[in-house]
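Supplied in structure tokens, the structure appears directly below.
Order of writing sets the chain letters: A, B, C and D. Residues in each chain are counted from 1.
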Amino acid sequence: MNVFGKIYTLTSFGESHGAAIGGVIDGCPAGIPVDMEFIQHELDRRKPGQSKITTPRTEADKVELLSGVFKGFTTGTPIGFMVRNADAHSNDYDLIKDTYRPSHADFTYDAKYGFRDYRGGGRSSARETIARVVAGAFAKLALRTKNIEIQAYTSKILDLETDDDYSKYTLSEAENNAIRCPDPMLAEKMIALVEAAKHAGDSLGGTITCVIKGTEPGLGEPVFGKLHAKLGEAMLGINAVKGFDYGSGFDSGNFYGSAHNDLFDTENGAIVSKTNRSGGIQGGISNGADIYFRVAFKPTATVLKPQETVTQTGEKTILEPKGRHDPCVLPRAVPIVEAMAAMVVLDALLLHIARKSF
Amino acid sequence: MNVFGKIYTLTSFGESHGAAIGGVIDGCPAGIPVDMEFIQHELDRRKPGQSKITTPRTEADKVELLSGVFKGFTTGTPIGFMVRNADAHSNDYDLIKDTYRPSHADFTYDAKYGFRDYRGGGRSSARETIARVVAGAFAKLALRTKNIEIQAYTSKILDLETDDDYSKYTLSEAENNAIRCPDPMLAEKMIALVEAAKHAGDSLGGTITCVIKGTEPGLGEPVFGKLHAKLGEAMLGINAVKGFDYGSGFDSGNFYGSAHNDLFDTENGAIVSKTNRSGGIQGGISNGADIYFRVAFKPTATVLKPQETVTQTGEKTILEPKGRHDPCVLPRAVPIVEAMAAMVVLDALLLHIARKSF
Amino acid sequence: MNVFGKIYTLTSFGESHGAAIGGVIDGCPAGIPVDMEFIQHELDRRKPGQSKITTPRTEADKVELLSGVFKGFTTGTPIGFMVRNADAHSNDYDLIKDTYRPSHADFTYDAKYGFRDYRGGGRSSARETIARVVAGAFAKLALRTKNIEIQAYTSKILDLETDDDYSKYTLSEAENNAIRCPDPMLAEKMIALVEAAKHAGDSLGGTITCVIKGTEPGLGEPVFGKLHAKLGEAMLGINAVKGFDYGSGFDSGNFYGSAHNDLFDTENGAIVSKTNRSGGIQGGISNGADIYFRVAFKPTATVLKPQETVTQTGEKTILEPKGRHDPCVLPRAVPIVEAMAAMVVLDALLLHIARKSF
Amino acid sequence: MNVFGKIYTLTSFGESHGAAIGGVIDGCPAGIPVDMEFIQHELDRRKPGQSKITTPRTEADKVELLSGVFKGFTTGTPIGFMVRNADAHSNDYDLIKDTYRPSHADFTYDAKYGFRDYRGGGRSSARETIARVVAGAFAKLALRTKNIEIQAYTSKILDLETDDDYSKYTLSEAENNAIRCPDPMLAEKMIALVEAAKHAGDSLGGTITCVIKGTEPGLGEPVFGKLHAKLGEAMLGINAVKGFDYGSGFDSGNFYGSAHNDLFDTENGAIVSKTNRSGGIQGGISNGADIYFRVAFKPTATVLKPQETVTQTGEKTILEPKGRHDPCVLPRAVPIVEAMAAMVVLDALLLHIARKSF
């Protein structure tokens, strides 16, 4: 399934070393001003080679819109778009066409489909997320008209961790350093860790936190369409993601209920809760408070060290290090997390608007 | 949205104190033997009043099948079913019809729908999960014919935690104690904790782990239909769930890639991985190893202690303790986790079978 | 697939001689006043035994709501409902359990599912449409708040046909006779034809026309969600339907384009078309004019005459006449056509509202 | 909604005078040999300028595959593709940007979206069907491996009509003349009619018949996913289509049931029906006989004659003839009908295979 969403949908296509990566956005409201500079900027945040701690693969990643925009506005019809692949180096991959890279999807693609486009991981490459960033950028442009803002950041690498209370930071500060952490001092340390891993031919994972501000109460469908369930599905669909929690998350189990509950209060006449362990969502529905959640990423599976593995026919072999790799995907994943969140929130908002109109 | 799944779907209905809780299973393959005793047994595992650490609400929770089964077999047509609500005590809830219970969904339902069925939490009550357990039981019966088995258990309450290596336990042992933990000694301690919380009018959360055995490689759709993303969405849709991770999960961030990767090997001619930090899923597709994941539950929001809150009109008030509550939802949530997992796996299996037939 | 619709959905269940027929309505806006008398009245229009030209099977067809309605209003949560089956006469059907009734679905159900609930046609019985009428009644109640009205009527039996220009009739007049034709003189002749067929143990088909008034311009999604394509799918999903056309329909091929086009004009400042061969839909989108379409029904497959056929094992046999039958389904199908139309229009309206809010 | 299908899906994008028309095929089984010559041939059958009775717009309509195919086979991942627009003549359309063309979608697009890409009809142009023909060609390649063949043809223009009994013709003969009618004599007359209309600046509609051979019994989902309902929805989604019927269709109302029923018989040990008024579908499920249906097309709305109309602001005006037009869309619609049918049948087949595997 390469279609995401219910009303605002993205259908994604493309392989790492095929002709292009792209997609079709369906259900975008008409009349949204299309800020191409913003869209390209979002892609640039995801682009390889943007800093010394990302893969040196060089791709311009210039997006071409193929439909759905006219005279600078969305028309309400599907927005087709693509990014041509350039720096392919496909021959590098002949070595691995018969060899299963550990913790990659080579083996499972073969099991599922009988064969695979092995060049650069084919469809399983994170290059596919280009489509998500574009669709997320359009969603952000639509949400901007409703004053909804989304900001993600790197919150943990090994034992380096930001404070749980994100209000201590200016979140946009994250955009000022290579690891995308809003704490500049911590960011430096994180970058040092990642650089060291890079020089050792190794890799690191970590945690991204995302904060959504400005949603009105009422978004999300109870039972199977809970807002956090849709956010979780969206995040778990990003390459290398291993976990998701929101609000007090996994930590909630360390509390007694009487200490964990968010007590209601009023503020300027509006009903609010004194604390926000609920993460802005109660019973699957937004309550108007900030929505925040964490996304756990495993260390990049590609490492530049020899690894034991087997071939397609089951012969033992050693995978020799070769090529380029991202020592840590987190900085480039920050805009992807935001993009998926934007799509989920816009979709929920559209559904909510439809329902409440009666 | 009260429809779950793509090919094997459950449409769920019902409020805590309405006429009935029920649902419609659509897309169940024809010819599956319907073991009613097993289905009722699954419901009994979820039933209130089953032990001293669950709510004393007494409900027989007898399921009535309304269609889709003929002469003991599924017919391939939709299976309508329901469980009548009995022990309603609706008057208990008049007190809360205008008062927002902290960390419940009262406020957000009002925000979304304008008003709500306030009796027992209405649609936001976990009584709704009856429908999931029934649909999960049918899915389990179908999966049984393919030798796929699913077992969940309580793995953590406060600082009491089972070993990460679940192979150390006989998982079915979990069914022999009230907390559903496969380690009998630990179970006793957990039960004591929960009883203490109950007597204090307080509540606890914790973590459930689920293990799926017997899936063939190839289940799950890459990109937006990743098997773990669908499992995550399913789990996050369960009441009180705050987080989900699979395989090494949030812990994966503590590893370097070279240490984290699952190296491939062969075993009896089959390609296997030496370790299973991938949790049986690579690139969103099952690899044939055990699938395992964790689900984090917050402490029950209902506590029998006075709590500050506000009324619908924003007046401050104290919510006085009253009625019954589950001091810890985990033991009753174990069959719900399994049920949702069974639906996800069956759905993925049906889709996989369709695709690979060409 | 037993789920219909995208935002306003019906999941239907039930067999002719099972415990009950019912369904779940999901996505109904909250706060719609639930006029139970109206809902039951809609069911009564579909009920067997309502006149001398319908089957004498006697069923009260009293609907029981199981959820989703509180204090007389929809709550926004799923509306579960059912009608118990009463007058089962299941033994009548033992004769046909091994014999394929001509032009029925016995053979194809066996081919698809391996076996079938043969009692009264099981799932293939038009008794299933009870669920549609209930879901359609709720949709009508929602549409009523937007001043959208739907009226269907029998427009053709053999060579007896109403005028193509439906504005010559008071359409509600159709409810005053047993065949549901708005022309009282023609109705009498149609009834006589059907009675004659009934006495001969034979059956008749015909055409139903449906008119939808009050839709604003803009409903319907171009390309794959064209309003008339959704209406067509809905109508073709009704038992015994063989064809659908809208506006000038099949007749459009008898015109040259210059004569067929609907020329635009203005009326009280609004843009209108002078003629309405478009049937109120252009490019798949409503234009504000009346939407009208025709639905072709084949003659009832059940006839009370001996028919050649074969058994499950392929032996030739004669199917002897037995039991009850509807000599013509049209009068009872009129409310079903309206119900399906109401669901399609409400669904399109909800989607349109969501989109245009930006 | 620009996504069609459930398991085998097409997401379509593109405007008549935008950068490109294209789409994404999702859910295509892996390992299907990709015959590019065949795919291009299907596009050529739809191409403008292919004969003297089609529009002279010249477009190469060369398809470029962007993903999902590797070493000549489908990989199971989404197939992105596009056709660049060349012969745009966009300036021709400045004249109509404020003027509503009669029986076109200009007015309704404005009503729905607030504005529109008016160049060449934008998204409402039949140029969009390029995406369908490509997706249909892939579906045909998949169906070919299961020996399912689909052939459509022009069966009626004004009063020129082929025999209802299509078995009298060699259907592939239709490809040998410009109108795509399998009766060469009739074809000549039809072509003469269309040429006369063209010279008069006028247009014609008509009927296309489609025959599907080789489907096994069991395809189609009863109730809301009836095979003919899905076919109907697909056909009614094609530009200019006004009606759909299958088997005896609208004509069925002229029969008594006893004369209309298809009596069962056996043939070479298989259960067959003596006649096929059911059109190969009973109860919404294929019975193994030929599936056949008719699709009614209105005359092309574009005529080269002056027409009364109004502007966006409601001022009366005369639309002066200008530009190019298809005097009759039928010959170019034949491959589109086949393409949509192929997608529906493949989708039903995939679903059927999934279900029957238990």
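Following the convention adopted for this analysis, a contact is a pair of C-beta atoms (placed from the backbone, for glycine too) under 8 Å apart; a residue touches a chain by one contact, two chains touch by 3 or more.
None of these values were measured; they are calculated from a predicted model.
Where chain A touches chain B, the two copies mostly use the same residue numbers: shared numbers make up over half of all numbers in play.
More C-beta pairs in contact connect the chains of C-D than those of the other pair, out of C-D and B-C.
The geometric centre of chain B is 39 Å away from that of chain C, both derived from CA atoms.
Between chain C and chain D, the centres computed from C-alpha atoms are 26 Å apart. Along chain C, residues 1-3, 6, 12, 27, 30-31, 76-77, 112, 114, 123, 222, 355-356 each make contact with two or more other chains.
In the complex of the two chains, the chain A residues touching chain D come out as 1-3, 9, 11-15, 18-24, 26-27, 30-31, 64-68, 70, 73, 75-80, 82, 112-117, 122-123. Chain D meets chain C in the complex at residues 1-4, 6, 12, 100, 102-105, 107-109, 111-112, 114, 123-124, 128, 156-159, 197, 201-207, 216-218, 220-226, 228-230, 232-234, 236-237, 242-250, 252-258, 260-266, 269-271, 273, 277-279, 281-288, 294, 296-303, 305, 307-310, 314, 316, 352, 355-356. Put simply, chain A touches chain C in their complex at residues 6-7, 27, 29-32, 76-77, 142, 145, 222, 350-351, 353-358.
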